[in-house]
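Letters A, B, C and D mark the chains as written, and numbering starts fresh at 1 in each.
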Amino acid sequence: METGRVEAFSDGVFAIAITLLILAVGVDQARASGSLSHQLLHLWPAYIAYAVSFVTVGIMWINHHQLFHHFAGADRTLLLLNTLLLMSIAFTPFPTRVVAEFAHTNSDRRAAALLYGINFTLTAILFLGLWLYGSRRLLRPDSDMREVSGITRSYLPGAPLYGTATLIAFASPTTSLIMFAVIALFYAISSAVFGRNEDTVARTASVGDPSS
Amino acid sequence: METGRVEAFSDGVFAIAITLLILAVGVDQARASGSLSHQLLHLWPAYIAYAVSFVTVGIMWINHHQLFHHFAGADRTLLLLNTLLLMSIAFTPFPTRVVAEFAHTNSDRRAAALLYGINFTLTAILFLGLWLYGSRRLLRPDSDMREVSGITRSYLPGAPLYGTATLIAFASPTTSLIMFAVIALFYAISSAVFGRNEDTVARTASVGDPSS
Amino acid sequence: METGRVEAFSDGVFAIAITLLILAVGVDQARASGSLSHQLLHLWPAYIAYAVSFVTVGIMWINHHQLFHHFAGADRTLLLLNTLLLMSIAFTPFPTRVVAEFAHTNSDRRAAALLYGINFTLTAILFLGLWLYGSRRLLRPDSDMREVSGITRSYLPGAPLYGTATLIAFASPTTSLIMFAVIALFYAISSAVFGRNEDTVARTASVGDPSS
Amino acid sequence: METGRVEAFSDGVFAIAITLLILAVGVDQARASGSLSHQLLHLWPAYIAYAVSFVTVGIMWINHHQLFHHFAGADRTLLLLNTLLLMSIAFTPFPTRVVAEFAHTNSDRRAAALLYGINFTLTAILFLGLWLYGSRRLLRPDSDMREVSGITRSYLPGAPLYGTATLIAFASPTTSLIMFAVIALFYAISSAVFGRNEDTVARTASVGDPSS
């Protein structure tokens, strides 16, 4: 299968999953009791959970594009790995909603942080697996090998990072949740600051053109 | 109508339906009673239902692409058949949610399994119908007839397979539900293992190019 | 603005609105009381409402494509008319859910049928308005005028037809609801049976190619 | 990254967010008490909130397209700014639902109007930021500078306008809500009436073609 259609389908799942995150900001809770203004302010963990998940999934979308850019095509194994990756991306609205609702309560914060962290750890593992498989089997002949090994290096820390932040929830759920926000912020800012100029590809450049 | 736009619209419906499956994992249930960690563990049928439906719809998306790849165009009858197929694909979040919520209770497991199975049996019948109509009327002149009859052979068992798994719910709902999971696993693994090399199409290959 | 991007955006709204229709089949109702099998059978108006709305929106999507195929471009007025049309398409999940929930009860069936009918009547009016504006201002120079006036003729009955079915709800809500189903069936079958051969456009034909 | 894929992803988020607005029209409320017809009429603030948000997001989509049309490519900073913009667009269904539910009650109308206004003010600021960054760093070499400064001029009033309408909620929430509707109407009508002829781009024109 040509990668174009796999990317278009994946883009669709990313775009829908990221937009469904708003369902985590529950008007049901706001409807509960007290004045609306009090309720809306009380929802602050939901706003943060929404923003952190949105930025995280947004960065994953950018990375997903970067990976497929290096693949010459997609075989059945890659399609299966990609389906599993999309399954964990599309799962994100659920842990986001759980964190949004339960981060307030001391007793339930740990379970919420664990669920949230397990999902992103799994996503990071699947991302790495997709890349390791694809970069060995389906690489475009004109791919720059330094760039390829640079991507591999930059993807290796993802799963341990999310795994550590998840395990920290056993000691301190609050610290764990803050770490997820910090990771998202770090990736967002570092990519914006250190993003190399080569990323700017002209609108008119043909996709398969490796020159300049 | 050119098949490209029908495929794009169909891709959209597939991508949305597959992402809406997460609504089957109900935070409402988790909100009920008991500690959150207990609630989240108690949701295990919902996680499995989500994964099985996701893989099943994901495989159907890959198959849908394969079918349209062989069609030279789309007439009104094909559009109608495709609309009916999409209607059953877009229906999937409902039986998935029903299984997710009711697989726990002995008394309701049978009804949930029947609903789930009827939906996929119908989907398999519509897939076969779409292919039988399109492969007789709208085949591309350059289609490889061995590949065409290979697809026909591989699609014939789908409806009887899902139909049998559905009927088994009358004897044992649990066995029926396990069979749906096994079918999804079987299709996923067999396609990844036995997927032929020809499926790897270069990113730069033109869609209409039958050579190599 | 080139019509391609307007069509892609419109396709997205159509695809999402049609897939959100499944939210009309409420698991909340199934959760209520009685055995699950009884509840699922009791949901039959929801299944029919889902199917009728799905086929209706699906046909509207096909028609939308047909209209834009004749436009050379999109000016701001057309964009505004198209936004209003999409607004009524995206509204469809709400009346569908209302019919799905309230068609059962004698006292509320009239209000549900009126809401459902008003939405589709408005949609039909906006469709006609979009076509009348676009076909006078933005027609492609190579458009076949017989085809253009054929489309105008075929669109004129839509609004009166839906308007009549809506008004009949005052006399008999049940008849009104049946009429919406019959209209959807009629359009679906007639388009499949009488769909002309010219609709089959080769996958490789260029969009702007007026020949053959 | 080529702008085409960023635009396609953004279009997806716009299309999904605009279609999810229908969730603001809550059937839960209609299910409450009284006859259905009474309930449906009582929902009028929800219909208006839906329409105002739909038109506003629709216009923002048109503007988003206009901006990216002038960019030669997308660097990492633009991707980050665009992600933040999409985050506020995708947030819109929440304040829309809050206005839809709470505009009825005198005590909660202020909080609802503030939430609604803050969201659109933030969106307008992010729009301006995206444009100011992109128009200085990523402009296409063939961009018409008069058009570029024309866009800058037309975007400057957005944030102050929404900010003022938001602040007015402290004096009169009803006036504030009416202003949001008037702003949407104004943009819609003015763009349709004053939309220049140059906006009509031929379907066959190549995207990168600056001539004629």
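Convention: contacts are C-beta pairs under 8 Å (C-beta built on N, C-alpha and C of every residue); 3 or more make two chains touch, one makes a residue touch a chain.
Given the structure is predicted, the values throughout are model-derived calculations rather than measurements.
Asks: Which neighbours do chain A and chain D have in common?
Replies: Both-contact set = empty.
Asks: Over half of interface residue numbers shared between chain A and chain B means same, under half means different, so which is it?
Replies: Comparing the two copies, chain A and chain B contact each other through largely different residue numbers, since under half are shared.
Asks: I'd like the angle of the rotation relating chain C and chain D after CA superposition, in degrees, nearest 5.
Replies: Copies differ by a rotation of 90 degrees.
Asks: Rounded to a whole Å, what is the gap between the Cα centroids of chain A and chain B?
Replies: 25
Asks: Could you please state the distance in Å, as a whole number, between where the Cα atoms of chain B are centred and where those of chain D are centred?
Replies: It comes to 36 Å between the two C-alpha centres.
Asks: Check each residue of chain C and list the ones that touch at least two other chains.
Replies: 8, 12, 16, 20, 207, in rising order.
Asks: Dump the list of chain pairs that touch, please.
Replies: A-B, A-D, B-C, C-D
Asks: Mind listing the chain C positions that touch chain B in their complex?
Replies: Answer in residue numbers: 7-8, 11-12, 14-16, 18-22, 25, 27, 30-31, 35-37, 40, 50-51, 54-55, 58-59, 61-62, 65, 188, 191-192, 194-195, 197, 199-205, 207.
Asks: Considering only the defined contacts, which chain A positions touch chain B in the complex?
Replies: Residues 1-5, 8-9, 12-13, 16-17, 20, 71-77, 79-80, 83, 86-87, 90-91, 93-94, 97-98, 101-102, 105, 107-108, 110-112, 114-115, 138, 140, 207-208 of chain A touch chain B in their complex.
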